[in-house]
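Next, two complexes with chain A in common: one pairs it with chain B, the other with chain C.
Here is the complex of A and B:
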């Protein structure tokens, strides 16, 4: 019979930090998805493939140079540029057609996923941690790299939060999300706001992919796994809510970290999705029901 | 300042605006009147870029506006208010005005720095639009009349050279209509104004010239007194 491991103070901290780092990765993916949906109303099924490209791009650069940090920067920049090109040359023209947007991004995601599978095969790849040492946290030895991921996630959360609530750009994003035609007549270049938001969201997905590469193995459908979790997060958090994405991502991260103590990962996922379905039945608009970039 | 020539807009077989010529002289208040369906709002929408003309030119400060986006036209100095008040329900009056105030050049700083202090401009505009006591009120909580003033205030905050008011007194009571009239009088000379309005007394009282549209075409452009005396106008618009 399976025995539930004893949770001590030490491994509780370790599991909690594991949950936090995983939650931050999910947050990076979900926040980008949420921004794009909240502003443009586009359900971007290609978002997961941007994460996959971020991870595989980092791997390619590491193979060529041996430098993880260079890989992270190069892959995030290139995938972000790809997002820019996709938005300007394709998606911009189909924003008014939700079905086309859905099918179009789904198709783009499939093409990228299959291209990765053709080039790399179906086997998994791993990347060595660029920060292999551990440090003491609350009396527990914990991998530096995972702490780095938590730090990056926290900085991104603060940065995006400040961007949305403290800058004129945030005000313009809020206005565009609320009433695009009114924002336009006030001189807000809403096409530019759409582009900035889509590119920002894509960059966050690529960053998540690059950061997760040393933590989990990479496989062609990794984007699909993350995007399903990200969709769950933005639905439970409240469609278009940045705050909701952060809170629910961190909760899901903890459920995964502690859930794996007692259940196989697949069952943990099933449990999370079942809990989310029940939650949505009682609170259909999620935790934070509408975009609240400017309160 | 703003010259419209041969402006035409067709929706399939319907000609909504038919070969309209319109000239707004610098600093004037120009009324645009006509029965329902005469093409007044369509003309405004064509000037602001929300609709593309089938043919014709719209020249402003020496350049053609046809084909430009609404935001681009707004940034060139043409602001408008709407027949149905447009606002952001959950934003305060102050944030509305902050959004509308903009620097003439777009710099990285102007985009990122929301702390840029526009308080003087915002205060001034709020006072002109009778909203100085409502700056921190959430827009959806304003009574209808003040929502209309907010619409006017946003256009003023943009510091446009030309302002197109589309029925600014719609839905207002007599007292509020008088306030709108006072606001427009305050603006006289500082802006070039086109006002679309059903309240003929209001238009007659404040306009320097009036253009009458009928079935999408210009019936006449003249001084208010001459327009009111015009036999054709009396037939098609005043029903006499």
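Here is the complex of A and C:
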């Protein structure tokens, strides 16, 4: 039998903050995936490779300049531009063919993953934290960089929430996601909305990759690990639900952080997936999934 | 009056099925024109074809002096055409105000945008009273008003109306016809497709009869009022 370790209040706060920072990274990946699926209906298997490119891109720039922040900006911008090119030149033409979309993005993901493996080899790389000092949080000394990740995640959540609910673009995204042909007869350029959403989702994956580089090591299949967790998050959260992605990402982050106290990481993942499967049996639309709307 | 819309040799397809066959019609500035026919004759497909909301079509659609045959739907709408679809297609989760706001281009300045929406509320008081109510909670008649208001808020030069009385209770139809009467006297062109020719005749200048995807007859409202025309083309 496992012996449940007793944890102190200080440790509890540390684990909770670790869970929060990990949850925010998962949220960045899942929210992008959810936006793309919710609007376009595309199951984007290349999404994880965008995270990997964000991480490796940051690493390359750090090697060249020694500046993490420059690496973060450059890699996010370049991966976002790659997302723009992919959407315009390839994916846009196969939106009406879900199987082609699945195969196409799966293929793109494989190519990027293999390209990374060929260039960098299979060994993992680490990036030094750009904020090495710690600060006191609730009486606990905690790494500044992880707090920075939590802050970025929270700002992105607020920003996207505001974008979707308070802006003209959000209104057009809602209209396009719910009934594209109606949005068109109201003068909405839905192709433009698709592009903006895909690019935004890709940018969030790249941001997640860049932010995670100083926390975990980079390896060619890192995107696959995150995307499986992100798929779980958007299914349990409710397909296409931004709020659901946030809530479930934070829950999963906490399960991982505290689960590692008592179980090996692999078993924690198995536990999360098993729990998700049981949950979906009882609530197939997830936490915030809406029933079909009959207009 | 100058020609506003001209349709020449229009053929429309859903997949491999051809629905419209060599349809030609025209509409002048400030003209109110009806297209009448039984269910399944191609009326909705005709309007969908005009705004390129269809799988495939051949033929030419000219609006003003521009050939819009190959334009995308939103480009056609932004050119000054508004479309009220048969099923209304309002967004149930958006409020009445948001449904109206969505139809206005983002380039419309805020003060103009507000004026336009208030004008619609002036025209449809029930919508004004329910401006913060979600579209999905409106009655059928109110949803039809919202669909028409959503088209009018853009101040279009040409209004396309697909069966505006379809599926409404008789008392609501009276309300909708009253609204349409106020629209057709305005400074805009209107193309209405309908089965209910008797309710539409007082509104139109002239009309076409459509049967199995082909224009088979046309005339002014006096000609189309003849009972034998109704029996020939509209009686099941």
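Here is the rule we go by: the second predicted complex is superposed on the first by the 285 of 295 C-alpha atoms of A that agree within 3 Å, B and C clash if a C-alpha of one lies under 4 Å from a C-alpha of the other, contacts with A are read in each partner's own complex, and residues count from 1 in each chain.
One rule holds in what follows: a contact is a pair of C-beta atoms (placed from the backbone, for glycine too) under 8 Å apart; a residue touches a chain by one contact, two chains touch by 3 or more.
Predicted, not measured: the structure shown is a model, and the values here were computed from it.
J.: Answer with clash or fit: chain B and chain C placed together on chain A by superposition.
T.: Overlaying the two complexes on chain A (C-alpha atoms) leaves chain C and chain B clashing.
J.: Return first, second, both or neither, reflecting whether A:285 touches chain B, chain C, both chains, or no partner chain.
T.: After superposing on A, A:285 lies clear of both chain B and chain C.
J.: I'd like to know which partner A:187 touches here: chain B for first, chain C for second, both or neither.
T.: It touches chain B and chain C both.
J.: Contacts for A:170 in the overlay, against chain B (first) and chain C (second): which applies, first, second, both or neither?
T.: first
J.: If you lay the two complexes on top of each other, which residues of chain A touch chain B in one and chain C in the other?
T.: In chain A, positions 168, 171-172, 174-175, 178-179, 181-191, 295 sit in both the chain B and chain C interfaces.
J.: Which residues, counting only chain A, touch chain C once they are in their complex?
T.: 168, 171-172, 174-175, 178-179, 181-191, 293, 295
J.: Residues of chain B touching chain A in their complex?
T.: Where chain B meets chain A, its residues are 48, 50, 69-72, 74-75, 79-80, 82, 86-91, 95, 98-100, 102, 110-116, 154, 158.
J.: Where on chain A does chain B make contact in their complex?
T.: Touching chain B from chain A are residues 166-172, 174-175, 178-179, 181-191, 294-295.
J.: Could you pull out which chain C residues touch chain A in their complex?
T.: Going through chain C, the ones touching chain A are 51, 53, 72-74, 77-78, 83, 85, 87-94, 98, 101-103, 105-106, 136, 150, 154.
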